[in-house]
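Every chain is named by a letter (A, B, C and D) in the order it is written, and numbering of its residues begins at 1.
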Amino acid sequence: MSDTARTIRVTVWNENVHEQREEAVRARYPEGIHGAVAAGIEEHLKGQVTIRTATLDEPEHGLTEEVLADTDVLTWWGHAAHGKVSDEVVDRVQQHVLSGMGLVVLHSGHFSKIFRRLLGTTCSLRWRGADDRELVWTLKPNHPVAQGVPSPIIIPEQEMYGEVFDIPDPDELVFVSSFTGGEVFRSGCTFYRGNGRIFYFSPGDQAYPVYHHPDVRRVIANAVGYVAPTGERDLPILRRSAAGWYEESAQEQA
Amino acid sequence: MSDTARTIRVTVWNENVHEQREEAVRARYPEGIHGAVAAGIEEHLKGQVTIRTATLDEPEHGLTEEVLADTDVLTWWGHAAHGKVSDEVVDRVQQHVLSGMGLVVLHSGHFSKIFRRLLGTTCSLRWRGADDRELVWTLKPNHPVAQGVPSPIIIPEQEMYGEVFDIPDPDELVFVSSFTGGEVFRSGCTFYRGNGRIFYFSPGDQAYPVYHHPDVRRVIANAVGYVAPTGERDLPILRRSAAGWYEESAQEQA
Amino acid sequence: MSDTARTIRVTVWNENVHEQREEAVRARYPEGIHGAVAAGIEEHLKGQVTIRTATLDEPEHGLTEEVLADTDVLTWWGHAAHGKVSDEVVDRVQQHVLSGMGLVVLHSGHFSKIFRRLLGTTCSLRWRGADDRELVWTLKPNHPVAQGVPSPIIIPEQEMYGEVFDIPDPDELVFVSSFTGGEVFRSGCTFYRGNGRIFYFSPGDQAYPVYHHPDVRRVIANAVGYVAPTGERDLPILRRSAAGWYEESAQEQA
Amino acid sequence: MSDTARTIRVTVWNENVHEQREEAVRARYPEGIHGAVAAGIEEHLKGQVTIRTATLDEPEHGLTEEVLADTDVLTWWGHAAHGKVSDEVVDRVQQHVLSGMGLVVLHSGHFSKIFRRLLGTTCSLRWRGADDRELVWTLKPNHPVAQGVPSPIIIPEQEMYGEVFDIPDPDELVFVSSFTGGEVFRSGCTFYRGNGRIFYFSPGDQAYPVYHHPDVRRVIANAVGYVAPTGERDLPILRRSAAGWYEESAQEQA
C-alpha cells in the first residue's frame, strides 16, 4: 500500500566450490552460480533491486554483521562445503532472518546449516543424478511467486529430488515437481519464522544449466520480492516492547 | 513489485436493519454501520480506494453481477437478517471470492451465509453482551494487517465473543482477544479459498461504537489492502487452462 | 488410551449408477463399487468394524437420521449423479460430520455436494482418462493412513487427476501422486471440520479395477480407522456448554 | 487399530536446580518437579506406562543413548540452567524426536536448547510473576489432549506468559490461556517434526503448585498418550529405504 517503490537490497550467496574445482561447472556458469542467480534477479527486477554477491572463501564468508544489516533478502546456494560454513555466521544469519530479513534457499541448500537450523529437521530427501526431466507444477495460481511462469515449468535435464523431504509442513506449498522416474517433490515452499520469510525452491544444480532457464530465473526473482521485509527489522518480541498498555503492567523477559 | 499504484475498488455491505429499527443504533451510527466502516477505510486509504456501499434492501441486495465484477474487496456486516440474504446472491459472492475478490467479514458476520458457505462449519461461538473490555493482541507483529496499531488494542466496551469458535484452522492467526470475563477469542484470522483471500475481524457491534475506534478502523483498512487481489480474476482451474504443455496432453474438465 | 477395543460402525455409500448402466463396470465390480470398498475395509479390519452399504436410489439415499446416528465413519463414492443427491441429505451429513462422524471421500467424490459443502471451494481439478500409471508417494511415513503400504503405491492403469486441485490447504498432506503424463496431484489429504475428520483419497475409478488393488484397500481401511471419532458426538459449541465456570458468567448463543 | 495395549515408556526430565537451591520450591515439590510430573502421569495412565526420571546432574544428564532408545515419550522441564545442557545431549534428543520419540515440553522449557533447536525460532515470550489467575481454554474440544478437563481450566495462581510467543505456527492449537492482566497465550500447541510429535504446554512454574493441579496433570498425561509413537522408530528418509520400486531406480543420499 506504499506509494513509493522501495529498493530491495539483495545478497546472493554461493559457496563457489564446484566452480573452482570443475571445468564443466565453470563452463556452465562462467560467472559462478552466484553470477547466474544475480543476473536472473537483475533481469526481472531491474531498478527495483541492488545486488551484491558473497562467497564462502571471503572473510566471514562475506556475511559480516554490516553486510547482513544492509541486506533485505539473502539467497543461498551451497552443496559441497556445508560443513565449512562457520557456526558463528549461521547464528548471525538466523538472527537476521528471525528479525525480518528474507531468505531464498536454492536446491542443495536444503542441507545447509542455516536451513536445517531454521527448520529443525534433517531436511533430507532422495536424489538421483540421471538427466531427469523435471516438471514444476503450480498449486497456487494466484501466489506472487508463481506469477509469469507456465504450469508446468519444463526443465529438460535436471537432478531428481524426491520425497520424503523431511521438513515441517510448509506454511504455503506453491510448487510440486515430478520427474522422469515418476518421483514427486515439494519444490516450492514458504516458511515463516519469527519476522522473516523463507522460500525454498529446489530446481537448480551445478551439473545442469538450470539457472539459465528463464522460468526458473523468474521464480527466483518473484521469491526475492515475496520474502522482502515490509516493516522494520527486529525480533518479534522486541518489536512490540513499546506498546503502552503492556509496559504498564508487565516486565519484559531479557 | 508493480511500479504503478492500483486503486482498490471497495464495496462495503451492511444489512442495515438495526439502524432502521433502533434509535440508539441510529444515534451511534448516523450514516449506518456501512457509513462508519467506509469512513474508516477512506481515512486510511485516501486516494488508494474507491468505495461504494450496498445494503440488504436494495435489489439483489446491491450485489449484482456488475457490482461484484467491479469490486476488488467486499466487506460484510450482518446480524439480524442473515436468513434474508438470497441464496442466489450468496452463490454469486462465493464465485467471486473463489475467483480472487477479497472478502473482509466483520463481527456478527461470522454467522452470515457467505462466511459459513466458504468455511463449511457452523461458525458458532459464545457471546455475552455485558460491556466487557476487549483487548486485541497481535500474534504476528510483521503481518500487514497488524501494522500501525498497538498490541493490545484496547476497546473499552464491547460484546464478548468466546471460544470455541467453530471454524477450520485459519491460514494465519493474526489477533487473539481477551475479555473482562477472562474469555479468549481468535479475533483476526485469514482464510485462503480458491484465488481469494478472506479476513475475519471480530471487534464491532451495533450496540457499541467500535467502528469509530481509530485502531479498529486501521485494522479494517489494512485488511482491505491485504485481501485485495494482485492478479487476474478467475477460478483457479481456469486460470491455467491456457498453459501450453498441459493443453497438448490433456482435456479440461467441464 | 482406552483399554477396550471399540467397534467402528461403517456406512459405505455409493451412487451406484455406472454399475446399472454399463456392462463393463458391472463386470469389473459385480458387487458394485460399494461392494468392493466394503470388502476392502472388511479384509483389513475384520472384527473391528461393522459395515453396511447405502445407495442413491434408496429412500433418503439410505442416509436417514437413524442410519447416520448409527454410523461412525461414512465413505462416499459418486460421479455421474452428484446433482441428484438431495440438499436435505447433504445438510444432514454435514451436521453429522461437524458433530464428529468421520468421512472418507473417494476419487470423483471430490465433486460431490457434501465435499464441496464442507470445503467451501469448487474442488475442481484436471483429469484425463488415458490409462496412466499412477504412483502414490507417501509424504508422512509415520501417518496412520500410510501404514502397511509401499511408497510409491503403483497403480498400473488409472484416470489422471492433476493440479490445480481447488481445495483449502489440507490439514495434513499424506500422499502426492504422479502420472504417466508427468502430472502431480495431492491424492491423500485430511481436513478437520468441527469435531469431524475428513480424508480424501483420489485413487479409484469406475473404469479401472482400482478398488481391487490391495494397497488401495489398505489405505481406505487405514483411513476408516483414522477418521473414526474418539469422543462423544456433538457440535463443538455444544460439547462444552456444561463447563461450570463459563455457565456462571455467560449465556450461550442459540 | 492395534488389538493389544502397548506400554508407553516415559522419561521425565527435570533440571532439578530450583529444588536444590530454594527451600520454598522444595517444600512445594518435595519429590522435585519431576516427581510431581511423574506422579501426575502415573495417576492417569496407571498400568499403561512405565516411568523413569532423569536430571541435569546425572552423567549425560541421564539421557544416554540407551535411555533414549528405551524411551517412547520424554517430558522436559528446565528454567535456570538451560545453558548447562550439553550440545551433545541436545543433538541426541533431537535425533530421537525426529526418529519418532514423543516430546512434551513444559512451561519454561520453551527456552530450552532442545525446543529452540526443533523449532528454529527464539521461542521468546512475555512474562510476569505476579500471582495471575490463568484460564486455559480449549479450542479443539475433540482433541485427545483436551479430554477430561473443563474449559476453562482454572489455575488460581500462576506466572503470566503472554504473546508474542515467537514460535512457528503450531500444527494444532489446542489451548489458549488468558491471565488476570488480560494477556493471552497459546498455551497448548502440537508440532510435528520428522517422525516425532511435540506437545508444548505452558502451565507450570517452580513458584506455584501447578503440577499438583488435577486438570494440569490430566493434560500432561493426555499429552504423553498423544505424542507416543505408533510405528517404528527411524528418521523419515530411512523408514522408506526398502520400498522396492524406488530402490530399483534411484540411489539414496548418504
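Methods note: contacts are C-beta pairs under 8 Å (C-beta built on N, C-alpha and C of every residue); 3 or more make two chains touch, one makes a residue touch a chain.
Only a predicted model underlies this, so the values are computations on that prediction, with no experimental measurement involved.
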item	value
Intersection of contact partners for chain C and chain D	A, B
A-D compared against A-B, more contacting pairs	A-D
Longest centre-to-centre distance from chain B, chain (CA-based)	D
Centre-of-Cα separation between chain D and chain B, whole angstrom	37
Gap in Å, rounded to a whole number, between the CA centres of chain B and chain A	33
Per-residue multi-chain contacts in chain D, two or more chains	135, 138, 141, 151-152, 162, 164, 169, 183, 236, 239-240, 246
Of all residues in chain C, those that touch chain A in their complex	133, 135, 137-141, 151-152, 162-165, 169, 172-173, 176-178, 182-184, 186
Complex contacts: residues of chain B adjacent to chain A	1, 3, 5, 45, 48, 100, 135, 138, 141-142, 144, 147, 150-152, 154, 195, 225, 229-231, 236, 239-240, 243-246
Complex contacts: residues of chain A adjacent to chain D	94, 98, 117-122, 124-128, 160, 162, 164, 166, 168-169, 171, 181, 183, 191-194, 235-237, 239-240, 246, 249-253
